[in-house]
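After this come two complexes, each holding subunit A, first together with subunit B and then together with subunit C.
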Partner chain A sequence: MEDSKGTIRKNNRLISNLLKGKPQQYLVVGIIFLLIPIINLWTGMISFSNMTLLNNVVIFAIAALGFNILLGYAGQVSLGHAAFMGMGAYLSAYLTMQLELPFLLSLLLSGLVPMVIGLLLGLVALRLASLYLAIATLGLGVTFQNIFIEWTALTGGHAGLRRIPYPEILGFEIRQREHFLILSIVILVGLAIFSYNFLHSKTGRALIAMRDSEHAAQAMGISLFKYKLYAFALSAFYVGIAGSLYAHLYRYVEPSAWGVELSLNLLAMVVIGGLASIGGSIVGAAFIQLLPRVMQDLPLVGGITNINFILTGVALIVVIIFFPTGLIRRFDFLWNKLKAKVGKLNSKEGGTP
Partner chain B sequence: MKILKIEDLSISFGGLKAVDRVSFEVEENSIYGLIGPNGAGKTTIFNCISRFYTPDEGKVLFTSKTGEEINLLDYRVEEVIGKGLARTFQNVELFKMMTVLDNITVGLHREMKGNILFEGFKLPMIKREEEKAKNKAREVMKFLGIDGIENQPAAAQPYGIQKLIELARALVSEPKVIILDEPAAGMNGSETKELAKLITKIRDHYKTTILLVEHDMGLVMDICERICAINFGKKIAEGTPKEIQDNIAVQEAYLGKGDEEDA
Partner chain C sequence: MASFLQNVIAGIETGSLYALAALGVVLIYRVSAVTNFAQGEMAMFSGFVAYSLWQRLSLAFGNTHVTYIMAFIGALLFATIFGFIVEKVFIRPALRGSLVGKMIITLGLIMIVNGSAGALFGTDTHAMRRAITTPSFFIGGLLIRPNAYFIIFLTLIIMFILFYLIRKTMFGVAIRATAENETTARLMGVPTAKVSSVAWIIATILGATAGILIAPATNVHTNMMADVHLKSFIAAVLGGFTSFIGPVIGGLLIGVMDNLVGFYISAKWRTVIVYGFLILILIVKPAGLFGKVRRKKV
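Entry: the complex of A and B
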């Protein structure tokens, strides 16, 4: 009797040690979610279109994660980040189709080039503050969407680019949605851990410091302009990567996908999921992407054309009213409550002789 | 040795001369006070020294950590702390959403060498640097007697503790000069006495120079070795606490002119 209790406690400790750090948690959760595509390869329980939807969730989670660095951590607003996602998409298409670069290289370049362009644009835009910055980035987004339309030699104009090659890694062609989901989950988990690490170091502290008090940040030696630029460029990198994945998932890019709606959606994902939270970015992306589908399947109202978009709007308002700090903080709250309860039970168990 | 020399500092805001040719010199390892009635321009002088403002004229000569004398006006606001001059604010300016320990660690920003790429991959070098910085921050917390609240959010602390956290954040980089903007504001008598002891202790332990702006006459007279009094942006007196107390101009600035009373 004592022995079995001891092993249980030991196991508990093992699990809690495994889940101690956030990066470890991301890894474990990532592995659990990897089971979805893996199991689906055998069973085929989830339909093709639903697998596409799940891919979409992960891709937008990557974009939202980048956007959260800018909005949540650094406290800078942008209404033009769709431009960077489009840039990543077109660039990746061009690099793999015209230059026939390997997929992984073009994926990386689709992050780096928007990052450099974001850096250059940030040099001008970040001299503005709050509302003026919002307007300037809004203009930036509209400008880039027009560039996507007009620069037909590179983007194919309104018709877009078709037959973008399947991603190929080490000779393995990723044709199935399940394989693609594995790829995108691995990238998301990698980026989440990378973000967590630098956000909990000097750079992350500087970003949050700048957001909380510009004066104190300056007095502590933080260059506001430099870190605003960092945040802007970094977010462009993440969003560009997401754009590249998007292009290779659908194998088709067209300019209407990179409009203001997308920029606003990114904003909504971050605010709903939770500002300055990595998990929140992912939850927010899932919320915005999955909600229309869920609404569509509702009895009675689901049948009405376009009702899902209206209900999505209603759900947004409900979330903002009742969970203003983001859904993730609500989860955290419930999780901590659960932990406290379990802790109490454990201590009671330990107390009995 | 004079560690800080203010020479002919002047600044005006839209025609109003807030500071008019003020000069004073601060001896190394001393506690120097800057006093004056409301609106005299004390905080403005502080903001010029810490480079939040750029004065129209004058020099701020400072013997930096490396031992060379520099004019702080040649540097940007975020470079000042790296030269060895740190400050606190009149209204506590903490990073509210951060933990207490993180708040103080930000004070070491300039001394940390990490970049995003190294940090993202959590290289051993970054881990060591983080550990070192956190330990240093913990040491300062212990010195100021605020240890045990490392992982609590800064915003949840009472006002007095927040002031100490801010002090710790300025202190952690071991500056040569630390400027305190009204450290006793919002404190009661016994808290002010504690603060006086603490400031002297900081000066002795960290071998630092303290320049403070203060309203609380008791505190200034108690701990400052030299005092500069200003009124309407002009220096009206400088000397030891005793000299300042006996100075007619200072008395007039604070209490009004004698003949006004008669009228």
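Entry: the complex of A and C
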């Protein structure tokens, strides 16, 4: 009797050690989610369109993760990040179609080029107050959409680019949605762990200090120049990567996908999921992407045109007014309550520690 | 020379509409410290109301000037109620929220207003009639479009009334006091809640007017204000958010430049060029041409 209790406690400790660090948690959750496509390869329970939807969730989670670094951690409002995603998509299409570069290299490049543009934007943003920055980036988004339409040699104009090749890694061509989902989950988990380490270093704390008060941060010796550029560059990198994945998933890019609606949706994902939270970005992306699918099946309401757009707006406002910290913190709150209860039970069973 | 003049006049025509919309944005910003990104969408909604009213009234009483004017006035009445409700329901509860939070609320408002317009009025494109239907004529090689002159004239009158209100009346004093410092104004007995409410109503009416007047050129559809909205924001940024005259000059400047660039350089790339110009100005003068940089205290 004593013995079995001991092993249970040892097991509990093992599990809690495994889940202690956030990066480990991301890894474990990632592996659990990897089971979905792997099982689906055998059973085919989830339909093709739902698999596409899940891919979409993961891709936009990557974009939201990047956007959250900018909005949640650094406190800079951008209304033009759709431009970076579009840039990543077109660039990846161009590199793999015209230059016939390998997929992984073009994926990396379609993160790096938006990153350089993001750096330039960061330089401009250094001089602007938040309101002016929001308007300047709004203009940036419209301008880039214009460029996507008019630069027909590179982008195919209104018609867009078709037949973008399947991604190919080490000779393995990713044709199935399940395989693609595995790829995007691996990238998402990698980027989430990287973000965590990045944001919990000196840099992350500097960004938060800068968000809360630029002047106070400066007085503490934080270089606004350096950290604003970091935030812009990194967010553009993530969003560019997401764009590249999007292009290879659908194998089709057109300019209307990269409008203000997408920028607003990115912002909604981050705000609804939770500002300055890595898990929040992912929850927010899932919320925005799955909402249309859920609404579609509802009777009455599902028939209204634009109902998703309206509801996203309502959700955005409700979250800002009533839970300014986002949905993820609600989960965290409940989770901690549960953990406290379980902990109490454990200590009661174990007697004196 | 004639084509240059023509472009300048066309620029002043659209520019004065940008200025109207920009004035609404700045008015709201000054009084309630909210940047209303939904200004364009709200104007679009009012435009739809004007169009539907005009259609209904024309069916009932025939397509005359009177029905158009009635529809116009009806839409302005709608805008009055619309602005009041938006301020009451969406902005008031977040009064003490952060700047970014309030900005995000108006972004949510874009989604709600745009989505509802699509749900209520459909996503089709409709043609709207001009305010003045007298056909254009030539005077010595110069094309005279009566509608353009009417628009310029009307916006001048509206601006004159607005500036008179702000500069000379007790209400204007209240607006300026609230804009300067909301808390102090409230302590001095200014009914700031009422001032904010009225500012939203005026701004919505200004936007609606701009929307209805530009509708013949853009047609009435759910994205009709996207371009006007961005240009009016650029106008407000150019002029600076700290003065009321700045956005007017900014709007005229953007309108004229837009037309000249479109005519002489490239019609395809004019949005890109005009936007590049804005970025240049912002780099040199981060608070706009007429704006004062306000030092934030820690």
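By our rule, the second predicted complex is superposed on the first by the 326 of 353 C-alpha atoms of A that agree within 3 Å, B and C clash if a C-alpha of one lies under 4 Å from a C-alpha of the other, contacts with A are read in each partner's own complex, and residues count from 1 in each chain.
Operating definition for what follows: a contact is a pair of C-beta atoms (placed from the backbone, for glycine too) under 8 Å apart; a residue touches a chain by one contact, two chains touch by 3 or more.
These numbers come from a predicted model, not from an experiment.
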> Is A:Gln24 contacted by the first partner subunit B, the second partner subunit C, both or neither?
Replying inline: neither
> Once the shared chain is lined up, is A:Ser256 touching subunit B (first), subunit C (second), both, or neither of them?
Replying inline: neither
>> After the superposition on A, what does A:Ser213 contact: first (subunit B), second (subunit C), both or neither?
In response: both
>> Looking at A:Ser47, would you say it contacts subunit B, subunit C, both, or neither? Reply first, second, both or neither.
In response: neither
>> Is A:Asn146 touching anything from subunit B or subunit C once the two structures are fitted on A? First, second, both or neither.
In response: second
> Now for A:Asn336: first (subunit B), second (subunit C), both, or neither, which partner does it touch?
Replying inline: neither
>> Tell me which touches more residues of subunit A here: subunit C or subunit B.
In response: C
> Residue overlap on subunit A between the subunit B contact set and the subunit C contact set?
Replying inline: 213, 215-216, 219
> Which of the residues in subunit C end up touching subunit A in this complex?
Replying inline: 29, 35, 37, 90, 93-94, 97, 99-101, 103-105, 107-112, 114-116, 118-119, 122-123, 226, 230, 233-234, 236-237, 241, 268-269, 271-272, 275-276, 278-279, 282-283, 286-288, 296-298
>> Quick check: in the complex, which residue numbers of subunit A touch subunit C?
In response: 75, 77, 79, 124, 127-132, 134-136, 138-140, 142-143, 146-147, 150, 213-216, 219, 260, 264, 267-268, 271, 304-310, 312-317, 320-321, 324
> Where on subunit A is subunit B touching in the complex?
Replying inline: 194-195, 197-198, 201-206, 208-209, 211-213, 215-224, 230, 234, 276
> Which subunit B residues qualify as touching subunit A in the complex?
Replying inline: 50, 52, 76-82, 86-87, 89, 93-98, 102, 105-107, 109-110, 112, 114-116, 119-122, 126, 129-130, 166, 169-170
